[in-house]
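Each structure below appears as structure tokens.
The same subunit A turns up in both complexes below, where it pairs with subunit B and then with subunit C.
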Partner chain A sequence: MINTLKVTATSAIELTPKQAEIIVNAVEKKNTHGTKIELSQVVDPSVIAGIKITIGSEQIDATVITKLEKLQTQLRENI
Partner chain B sequence: MDIQLTQILFQIINFSVVLGVLTFLLYKPVIKIFDERAVRIEEGQKAAELAIKIKDELDREKKKAENEHKTERAKILNDAQEEAKKRAQEIISTARKETKEEQSKLLDSWKEEKIQLIKEAKSEMTDAIIAISAKVIGKTLDIKTQQKLIDEEINLIIKNI
Partner chain C sequence: MKKTANKKLNFSIAEIINNSDLSADIQTIGIVKAYGDGVVKVSGLDDVRAGELIDLGNNQFGLALNLEKEETGIVVLGDALHLKAGATVKKTGEILSINVSDSILGRTVDVLGRVLDGRANVPIGKQMLLEKKAPGIMPRQSVSQPLHTGLKAIDALVPIGRGQRELIIGDRSTGKTAVALGTILNQADQDVVCVYVCIGQKRSSLAQTIDILTKNNAMDYTVIVSATASVSAAEQFLAPYAGQAVAEYFLEKGKDVLIIFDDLTKHAQAYREISLLLKRPSGREAYPGDVFYLHSRLLERSCKLNDANGGGSITALPIIETQDNDVSAFIPTNVISITDGQIYLESDLFNAGMKPAINVGLSVSRVGGAAQVKATKQVAGTMKLDLAQFRELQAFAQFSSDLDEKTKAQLDRGERVNAILKQGWDTPLKFEEEVVVIYAAVKGHLDSINVDDIQKWEALYLEFIKNSYSHILKSIVTEKKLLDETEKELIEAIKTFNSMNPKLSLEVEE
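Here is the complex of A and B:
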């Protein structure tokens, strides 16, 4: 039985096939267990721009909304 | 007119008898009454003098007592005024101190409130700026720029995977 690693890419607009391929390839290179990569795309305009990639339980968030939220937190801390 | 010697003698004797009787029955009692009256008057005078003396003494005592009373009253009044002044001073001093403390507390409270309000205002302003920025960025970015941003982020992410 082949194990599947679920990868979710969230962005404000749909990814191009090339972008999806780059993500899958990068995850496959990192993955040494030979599991199958299953990429699912989520279009969420609330992220504004950028991309958020979830690999299993790990999450890499590079969306503009998250960056703005971090900026907001920093500004509040400095008040 | 003949002068009868017997008759003259009789008149002398008669006059002497009347004089003796009058002296014994009228003169002596009257003199005695006068003497007694004089004694009574003298005693009355002495009593009056004594009464005047006592009255003077009493007046002096009264005056002395009044003066002492007056002095004591003045002293009590003066002491009371001094005490009242002291108490008033203490009350004023305490009130001033309490007012100062209250003012200080209020000022501190007001300053804290001001700082808190400024913080809240800044925080709200930050939220507004972020919200506006999010909207502006969202509206400004076209598809091409979005794709470019995604490419850049993917390149950064795959380096870290």
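Here is the complex of A and C:
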């Protein structure tokens, strides 16, 4: 039985094949189990820009919308 | 003018924006599978720890309670109406804790340390863990110092020591909270920090409590941890632990702390609600199997530490509400067996005008006797027995009108001793005042006083002693016991007072 590691990349516009390859390669480097990586892409304009990558139950969120939200909470805390 | 103000404001915002941390880091997330009744079922969330705080988004948090193979059960603190199936929640890596600093005194906070009194946030101090192991055996010391409640009936008959856990138990509206509040009021000059934990009570009652404490300047040394009836069961379940965490902050500073849990019946009910919703197996009265541990681990954290460990103490006064005076129900028996004694309040006594409505026969203090001041012990030594005898005779006397002189005298004495124990909860007495009042009653100096006038007699008598014989009070405070010469003077004082106030005496019948 071959386990596959599900990776989701969410971005505002569709990724180019080159960009997708970079992501798969980067995840492969971190993935020590040698399982197959299955990349699915989600296009969601509400993230504005940037990318959100979900690997299993881990998430790296580098979208503009999240950054704005973080900024909002930090501004609220300081004012 | 306006322009410069704008400029200043813009500058500070720019500074905040420049200094803000927006970096993307790796987070562990979970996907919401189901949400209802305050419980969220989440898949994913690898490596989540039991009791970990989960970020539900929208500035709401949850607590991971059930860890299973495929999913995690999270109880919501607050409300999370924004959650949808498929939404993501994040691990925070934090175990539940509350921010405590010295300036928390006088404040009202919730279980997560958020302020509820509309004033500024509590300054960052120390993060105190809500769930913490109780101090071990070695740092502990036996209870040796009294904690005066200011109520004659308690200080004389069921004395409480610092570090003790004394249960206050009784039906609804028998004055349980009043006893606890009176005790807080009496700590004004005792260097004791008070923590009042409100669990599942009406907001109006809590507002009233805060009002009373503020009016009596008791908020200066009191912290209120609030989880009223309108907050989620999870918050009510956590409130006593949050209160204990606040108490432990002051314990670490070597302070004496008094903590009141009002009340633990509601706490057990909140925990039952959570447990049933998490589908944990239920036992007697539908409480889960670990409901005993729920209270024992909480009350075990009350302690008296030895001098090497700061010498502080946490005295706990948990409150339990019974139904129809049934102390053998599940939760009351549990808590009775955990605590070092109980103060049993009865509705019959309360309705008969005996306030505080303490049932002397059923109330006990298992360790407080060692901490009682010698002077109090001297005057109250035989009081419990006398009162018990009086009750027995009283029942007996109802059947016969012809009583011999001795029995009649005993009944008269008992009636007066009983009457002297009546006291308003908001008029606490200093222990030296209690000693002189109880002395007069148990030594028979009140036998000639009209029973209905005892309260009046007491007030005038205390005034008289304070004005004319204050050195007696001073001697009791410094010596901690009643010296022979002080006793003689006290007898003289009482006699002088009684002869000065013949109106209060019974008319001599022939």
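Methods note: the second predicted complex is superposed on the first by the 79 of 79 C-alpha atoms of A that agree within 3 Å, B and C clash if a C-alpha of one lies under 4 Å from a C-alpha of the other, contacts with A are read in each partner's own complex, and residues count from 1 in each chain.
Note that a contact is a pair of C-beta atoms (placed from the backbone, for glycine too) under 8 Å apart; a residue touches a chain by one contact, two chains touch by 3 or more.
These numbers were taken from a predicted model, which means no experiment stands behind them.
Contacts of A:Ala26 after superposition: subunit B is touched, whereas subunit C is not reached. Once the two complexes are laid over each other on the shared chain, residue contacts for A:Thr16 go to subunit B alone; subunit C is not touched.
Once chain A of one complex is fitted onto chain A of the other, the partner contacts of A:Thr54 are limited to subunit C, with no touch recorded for subunit B. In the superposed model, A:Ala62 lies in contact with both subunit B and subunit C. By the document's definition of touching, of the two partners only subunit C reaches A:Lys70; subunit B does not. With both complexes placed on chain A, subunit A has more residues touched by B than by the other of subunit B and subunit C. By the document's definition of touching, of the two partners only subunit B reaches A:Pro45; subunit C does not. Comparing the two complexes, residues 60, 62, 71, 75, 79 of subunit A contact subunit B in one case and subunit C in the other. Subunit C makes touch with subunit A in their complex at residues 13, 16-17, 20-22, 24-30, 44-46, 59, 88, 90.
The residues of subunit A lying in touch with subunit B in their complex are 11-13, 15-16, 19, 22-23, 26-27, 29-30, 45, 48-51, 53, 55, 60, 62, 64-65, 68-69, 71-72, 75-76, 79. Put simply, subunit A touches subunit C in their complex at residues 54, 56-62, 66-67, 70-71, 73-75, 78-79. In the complex of the two chains, the subunit B residues touching subunit A come out as 119, 122-123, 126-127, 130, 133-134, 137-138, 141, 143, 145-147, 149-151, 153-154, 156-158, 160-161.
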